[in-house]
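As written, the chains take the letters A, B, C, D, E, F, G, H, I, J, K and L, and residue 1 is the first residue of each chain.
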Amino acid sequence: MSNHTYSISEIVGTSSEGIDAAVRNGIAEAAKTLRNLDWFEVKEVRGHLENGEVADWQVTIKLGFRLER
Amino acid sequence: MSNHTYSISEIVGTSSEGIDAAVRNGIAEAAKTLRNLDWFEVKEVRGHLENGEVADWQVTIKLGFRLER
Amino acid sequence: MSNHTYSISEIVGTSSEGIDAAVRNGIAEAAKTLRNLDWFEVKEVRGHLENGEVADWQVTIKLGFRLER
Amino acid sequence: MSNHTYSISEIVGTSSEGIDAAVRNGIAEAAKTLRNLDWFEVKEVRGHLENGEVADWQVTIKLGFRLER
Amino acid sequence: MSNHTYSISEIVGTSSEGIDAAVRNGIAEAAKTLRNLDWFEVKEVRGHLENGEVADWQVTIKLGFRLER
Amino acid sequence: MSNHTYSISEIVGTSSEGIDAAVRNGIAEAAKTLRNLDWFEVKEVRGHLENGEVADWQVTIKLGFRLER
Amino acid sequence: MSNHTYSISEIVGTSSEGIDAAVRNGIAEAAKTLRNLDWFEVKEVRGHLENGEVADWQVTIKLGFRLER
Amino acid sequence: MSNHTYSISEIVGTSSEGIDAAVRNGIAEAAKTLRNLDWFEVKEVRGHLENGEVADWQVTIKLGFRLER
Amino acid sequence: MSNHTYSISEIVGTSSEGIDAAVRNGIAEAAKTLRNLDWFEVKEVRGHLENGEVADWQVTIKLGFRLER
Amino acid sequence: MSNHTYSISEIVGTSSEGIDAAVRNGIAEAAKTLRNLDWFEVKEVRGHLENGEVADWQVTIKLGFRLER
Amino acid sequence: MSNHTYSISEIVGTSSEGIDAAVRNGIAEAAKTLRNLDWFEVKEVRGHLENGEVADWQVTIKLGFRLER
Amino acid sequence: MSNHTYSISEIVGTSSEGIDAAVRNGIAEAAKTLRNLDWFEVKEVRGHLENGEVADWQVTIKLGFRLER
């Protein structure tokens, strides 16, 4: 079995709905340009507040994808 | 452009529903006494268990708000 | 009042739905063998990606339970 | 059951006796102005030295208290 | 000399007296079921407050013990 | 010698000039309402970018001040 | 597809040879009692010194294994 | 309002002058190839010493920029 | 002397042999597309287990390389 | 007022009595060779277990002392 | 090429001017007794406050220097 | 049994071969001047790259040694 190498990209997905949706939005956007996405890891959850309410959730995630040879 | 200063408060929001709701509950409560809330940051997610189920979610968040001059 | 001792177990709950469900699934499974579960703490949120979408959410949690005497 | 919100304050208790006493001193002082104190967490233990001996112990603690409604 | 393997257990010892006593209580309880206990490491010091005073100290410790062959 | 208790406040000072100025601005603003300020500690340095340049520096600092009795 | 739950065990593997061997020794020992071992993660590398040389390498690792249903 | 996604790049800016200049140099260089730069975060400050003096400051920063659609 | 800027890439090198080989494999793969590689830093060591043995070592490393002008 | 420089030493104090005593023992020993000791900071609390009891407490502390000119 | 060994010293440089000056002051003082200084790393930035202003900046740095043979 | 005090030194061992060798080289060098070396702990693994290959491994380790009385 060959030794694969993976690359890790860090992105911030956002959503007005919640944490899960922010992760899904970020991954969907990244999937448009990155192939072979394999795993993700949540690093930070922040957000913007407006009028005393969450205006948008900002979730920093690391994405691992296999480098093709 | 003037140099704003922000203050950071740390609170724990709770909910029996889930993480997002606990964040929203905590912020709604804080918004009753703090003005100019600008951002939040999730620091810790814990919870209480009863009868082998999550009884309540406890999410520690930091809240940033602009000091008025 | 007696001095209780608690033990901490680390598990990974998974779900295809989202973070909250992964926590609940892991706790439900652990509750089949551990009694007196008292609290939990989320330590890490990761997941597996397939076809550019989240295939499953993997949430590492610590579970505290009271040792019986 | 209602969803409580908690606020977290950070203080430094000091004592010439030791760590436990520094925690107790800090909490006793905080209890004069904060109500509904619920839990504490030790974050850092430092101290001042004089003539090669501990002159005072400085223990940074976080205090959680329930916001009243 | 043979290569020993050690296992690490995480527990929370409690006491109304102080940090040292909470560590000792937790270890005494663990020693009833774990043999060959070799070392411990304090990971977290928290506690419960009642009437503005420490009601009990909760010290999270890791315990290392040698696996027998 | 009496046992002093200190309180810790977390603020974000900002400046368009640099890190030192952001710290000084934040402290100057906090000094308008907090007395007996004793020490500070830099926790995070971030900033906003506009047109490929630093528009403002945002430095999160903890401020320790002695509680009066 | 069903939602699996994993449990995490923490062990210390040792060896007089080096880091890799200490990891392998610890896993081999753990595999005698744990089934469905799935992944490991190195948390800490320490060791004992004798006569100015490494007498044994001690590598703390976390082991994840799938709970059977 | 649409859900933006941001990408995070990590760079090391250097300068013989000081920390602020190293940050500015790194951002100026990155701005030649990255558009929509939005924020930065200082992660590490190191440097090279020559003849007992700072020869150059090396500041590791994360840069966030909005992905265009 | 000019002020260089460096970029940092994060990759995961793998190997069935051990940690050193996983680092070397990842760097060899990255060197096919990145020029001026200057330093690396190990961030995490994990691995996959099969039949109670290490099937492959996965080492996350950060790679620093000089941006050309 | 002149700009003082401080040096930091890391030691491990031990005691069979408890944490405070281990700190005091380590400082007393260090004070025999280091002058102008100014502050300390607890970094780690570990210990050795024998027969299911704490045989000795090992407290890692950093010591700051002013360099003389 | 031979295998060099480096030693790391931890110091606190101070200055009433700012962070960069505190680093430079500390290094200049250390350079009086340590030879072959090669790199530094900022670990902590604190300071003393007087009359609501920064009285002195205290920057903890690690210094690496090559051991001579 | 007397209460020993230990001192901790931080060094960087290097090698062109790999991590284990870098640790051994650093310890061998340190053992020329430090007596009663008792344990070590790996803190960081970095390295220098040349022509897309590891030119040398740099392993930061802490060394504990017993102070003699």
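Convention: contacts are C-beta pairs under 8 Å (C-beta built on N, C-alpha and C of every residue); 3 or more make two chains touch, one makes a residue touch a chain.
On a predicted model such as this, the values are computed, not experimentally measured, just so you know.
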Within the chain touch network, how many edges lie on the shortest path between chain G and chain H? 2
Under the document's definition of touching, what chains do chain B and chain I have as common neighbours? A
Indicate the lowest number of steps between chain F and chain I, counting one step per move to a touching chain. 2
Would you mind working out whether chain D and chain E touch using mostly the same residue numbers, over half shared, or mostly different ones? different
Go ahead and note the Å separation of the Cα centroids belonging to chain C and chain H. 38
Could you grab the centroid distance between chain E and chain L? Build each centroid from C-alpha atoms only and quote it in angstrom. 30
Rounded Å distance, chain F centre to chain K centre (Cα mean): 22
Where chain B and chain F are represented by their mean Cα positions, the distance between them in whole Å: 21
Please list all residues of chain E that touch 2 or more other chains. 10, 19-20, 30
Write out all the pairs of touching chains, ordered by chain label. A-B, A-C, A-H, A-I, B-C, B-D, B-F, C-E, C-G, D-E, D-F, D-J, E-G, E-J, F-H, F-K, G-I, G-L, H-I, H-K, I-L, J-K, J-L, K-L
Chain D partner, complex, touching residues on chain B are 9-16, 22, 25-26, 29-30, 56, 58, 60
Footprint of chain G on chain E - complex, ascending: 1, 3-8, 10, 62, 64, 67, 69
Taking the touch rule as given, give the residues of chain J at its contact with chain E in the complex, in rising order. 18-20, 44-49, 52-54, 57
Which of the residues in chain L end up touching chain G in this complex? 19-20, 23-24, 27-28, 30-31, 37-42, 63
